[in-house]
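Each chain gets a letter, A, B, C and D, in the order it is written, and its residues are counted from 1.
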Amino acid sequence: MTTEPVRTTPALAAVPAYTASELLGVMSARLLKDGQTVFAGVGIPLLAAILAQKTHAPGLTILFEGGVIGPFVEAGKLPPSTNEQRCTRRANMLVSITEVLLMLQRGYVDVGFMGGAQIDRYGNLNSSFIGDADNPKIRLPGTGGGNDIASLADMIVAMKHEKRRFVEKVDFITSPGFIEGGDSRAKAGLPAGGMFRVVTDLGIMGFDAQTRAMTVVALHPGVTPQAIKDNTGFDLPVPSDVPVTEVPSDVELAILRELDPARLYTA
Amino acid sequence: MTTEPVRTTPALAAVPAYTASELLGVMSARLLKDGQTVFAGVGIPLLAAILAQKTHAPGLTILFEGGVIGPFVEAGKLPPSTNEQRCTRRANMLVSITEVLLMLQRGYVDVGFMGGAQIDRYGNLNSSFIGDADNPKIRLPGTGGGNDIASLADMIVAMKHEKRRFVEKVDFITSPGFIEGGDSRAKAGLPAGGMFRVVTDLGIMGFDAQTRAMTVVALHPGVTPQAIKDNTGFDLPVPSDVPVTEVPSDVELAILRELDPARLYTA
Amino acid sequence: MTQSYLELRQKTRERDRSLRDKVMSLEEAAKLVDNGASVALGGCTASRTPMAMLWALVRAQKQGLVVSRSIMSTEGDILYASGLSQHVITSWFSQGIVWGVSKVMRAYTESKRATFEEWSHMAMGLRYRAGAMGVPFMPMRSMMGSGVVDRAPGAKTMECPFTGEQLLLVPALNPDVALIHVQRCDAYGNAQLDGLTFMDIDIAMAANKVILTTERIVSNEQMRRHPDQTKIGFFTVDAVVEVPFGSAPHECYGLYEPFYSHMDLYAQMTAKDPDKGAADYLARFYHEPKDWADYLSRIGMAELLDAQRRGSGIYDD
Amino acid sequence: MTQSYLELRQKTRERDRSLRDKVMSLEEAAKLVDNGASVALGGCTASRTPMAMLWALVRAQKQGLVVSRSIMSTEGDILYASGLSQHVITSWFSQGIVWGVSKVMRAYTESKRATFEEWSHMAMGLRYRAGAMGVPFMPMRSMMGSGVVDRAPGAKTMECPFTGEQLLLVPALNPDVALIHVQRCDAYGNAQLDGLTFMDIDIAMAANKVILTTERIVSNEQMRRHPDQTKIGFFTVDAVVEVPFGSAPHECYGLYEPFYSHMDLYAQMTAKDPDKGAADYLARFYHEPKDWADYLSRIGMAELLDAQRRGSGIYDD
């Protein structure tokens, strides 16, 4: 499989010990709690969920949309999507795709965990169209399980922090966050779930309990409030007393690199 | 398992070579065609379907409501209902109860085949209440799969021909036939399926294509038109040129008796 | 009657759905069932009935349960006669066609001491399925035009917005507790089912609590070797109880067939005076035995060996 | 768009659903697919894709198919580039996340030469399920509030008559033909599936015609020994074709993993000029091979052995 060249964000220039993707993986893994059930998308979510399982959350139950419940994916054998047999290694149970998605609807899942191409102030995600949907500049791959996960679970999103990705309003709502903020999500027919955290290579974002607008809840080491503002396409408040996350540990990085030696997802 | 004493109907007094139940089994087995898919209830239907499979319809696909598709039940090992492992012997496929009933709804079944406790002019069946439903004289076991089968398939019903069972109007419609006749069945939300034949120890009945009222299509050997009228609680037309069925053959009876040596269903 | 989505979600969220040891005794498991709870039973007719768990609930003197099942056999009589339940929801209720109409069911329902709420067989299945899927109803195409639909509380007809056809909507059934007997499961509740699965998979997903009784507890390692054979997932399960012959005198696929002589005995005992017959049966087989092995002893060793011999024959060519 | 119930029933009634030998060649099976038919594909992404059957349809120069699948990988590109289809219905469409966004999909959709109709993943599953159940729709609780629902033809919201909640109703999908690749089946079409079943079981029940390709044809006797392992029943199946490595270069659970080097080759060939790249790929791997074995030869023996070695590792401890 092809890999992209290693990428270093400006904010991370001073911390060359890990890539932006590794930082993402570690920071989002830490948000998962032991005993939770997490529905993980392909890429960083898959990797981070496995990392959590191998560190602080050995009792984490991972679900993959291919129909996999409670697997232990092997180091060096990451799947190209969440629908291949590599995902099923030492799973507790395999079901149909429809059944595993219905587990979200039935309420058996604590956390939905996915990547994002474009996100807006209210946590809406776009993975369908760049530009106008009827005449797109880029046709993206689409929702996959994203729409269902975002509609039915408390969400963690892991993505790179870039101005073109953090926009005032997404070109298209593929996976709903809080839609237009306030109670617009519930009014749209989605009374359960919603955005919980957005993890980027710059920091960790949450959402205001009333307005449902995105706000910074932590910055990564070496990232200034200004750096996060510079890389966001809308007004993103940073509290004056915002905490700083702990740098990825050698253990966390070692596990990530053992999991993904070919750097499919962590380049 | 307990067995009832052998019962001989008046009309059959002259033909002591087989019981009324055996006659029922043979006559209804003959109505099944090779290559058909038949959803069979417990008792005579189960027995008759197996008999058909072992005689003229080796390619008959039998379904049981327990979730059994294409079995070959063994002689001497009849099940106490269609939900025990004896039903599954050498089946092609086992599915859940809900799935096998949904096969009816999806339209995969040619013929539904069941017994009846009480039937009326329009082929409605009652297996729920004798007397008023709110204050019944007898609470019967209920519909089981009967309602679903009768609602969704072309029906063959096998039952004893008695005045108290063939009534003007059933006390309660457990399994709908043509309801009030004409197009009332389709209007009730049941556009597919409907009564095809009622097989009794006296003859074989069908239903008028327009009025949907029951009519005699054949009499069994030795049964007079008067005998059938005497044993029916409503006006049941017997055409003057009504044909007579062929007596059960030695082969048919031998197979039935081998299947049910304890006479669970054929006493 | 139908729970709101947020209410259902909240109940599920409060459950500990993690991979953890849930093994306990019948008596401990019985404590998980509250009086008045709605309880769904796995299996069908005389197959994989959670008989041991019902036996434990009778002995724990639970009452007021509203009990649903695909089809009720002798366990339905036991529910009424023991006082465990005065309200059952099912599509068919009698010991089995070869034994005729249940005298106990008749005695209780005709005297209005108990309710037998009748739905079509598919409606039962689709009510559990709606519950399993987290939607408030399933559309279906039977029951309409019958007397059954008129007496089924909550069924509604609708005009299909796609085809204009008339459809029946049956309400989701999310039982408080499901009792399911399986051939084998691990300590976490991952269960394999052999042969007929009836409505058990939907019931487990629909319920807000699941108590598994199992012929045998096996290792989680064994389950993980064939994850595509896990039919009920650990995340739905709250208790695991190992009870050999836990469906006796009913059958457990591939292991034992119904205990026919005992089923005949039961029919005889309840034939003439259903109240007294059932009371005698309960005393002898439910209240007096000191434990489950004693219950099986009273049914009889020869009966057990015969049922087991017949049961294992399913795999013989 | 949604078929009426009587129309669906009539189509099913006309099929020969009996237990009979249905074994034929890829070329014969391709004749069962009419131009313009709606076709559902089994498997998901790079797993159990009915690649050999699609290969045969391309070679038979079929066109105008409307093709649905849970998730489309390289076979989606092939559909567009071969002219087999200008309309796909799926939830996600690209080779796989590690290869980036499909250049062929982009080229065809952005130039409006082809349509990619997007539904949520669960909506795809429930549309097949409604079709499998013989009802015109399924109720569900996602897609609402998104842009996806606005562009999904036929989805309707309703107020739940039981709870007052807003629900989405997605229309049944009953494809004219389903193409499904399985590990093994008998000559009648009874099929076993190992590992992940994706949406295949519902697809088989929903379709009006089913073509199975299979790694291996086994005896009906073998199927009857474990009827609870039959996942697709003979009564839904119209054709059975034995094609070893019938999903190559995608995987078939427990037998072979994706042919990764070949997947990389495909990505490289289509990266710069998707039209020319795909045309070259089709010529070399679809039109020029004299038969399926020749196709596999062109992918390469070493590739095949490697995929098989990796694929069988799923069962090793």
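In the analysis below, a contact is a pair of C-beta atoms (placed from the backbone, for glycine too) under 8 Å apart; a residue touches a chain by one contact, two chains touch by 3 or more.
Fair warning: this is a prediction, and the values are worked out from it, not measured in the lab.
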Pair of chains joined by more contacts [C-beta pairs], A-D or A-C: A-D
Longest centre-to-centre distance from chain D, chain (CA-based): B
Centre distance in Å when chain C and chain D are each reduced to the mean of their C-alpha atoms: 38
Distance between the centres, which are taken as Cα means, of chain C and chain A, whole angstrom: 41
Mean-CA-position distance for chain B and chain A (Å): 59
Chain centre separation in whole Å, for chain D relative to chain A (CA means): 29
Per-residue multi-chain contacts in chain B, two or more chains: 68, 88, 94-95, 102, 105, 191-192
Multi-chain contact residues (two or more partners), chain C: 5, 134-135, 140-141, 165, 167, 195-197, 228
Interchain contacts (touch definition) - all pairs: A-C, A-D, B-C, B-D, C-D
Complex contact set, residues of chain C against chain A: 5-6, 8-9, 12-13, 16-20, 132-135, 188, 190, 205, 220, 223-224, 227-228, 230, 233-236
Of chain C, residues touching chain D in the complex: 1-2, 4-5, 134-141, 154, 156, 158, 160-163, 165, 167, 169, 171-172, 194-197, 225, 228, 315, 317
Residue numbers on chain C that touch chain B, as the complex places them: 44-47, 70-71, 73, 90-94, 96-99, 101-102, 105-106, 109-110, 116, 118, 120-123, 125-126, 128-129, 140-148, 151, 157, 165-168, 195-202, 251, 253-254, 257-258, 260, 263-264, 267-268, 311, 314
Touch list for chain B against partner chain D, complex: 34-37, 59, 61, 68-71, 88, 90-95, 102-103, 105-108, 110, 191-192
Residues of chain A that touch chain D when the two form their complex: 1-2, 42-43, 65-68, 80-81, 83-86, 88-89, 94-98, 101-102, 104-105, 128, 133, 136-148, 151-152, 172-176, 179, 184-185, 188-192, 264-265
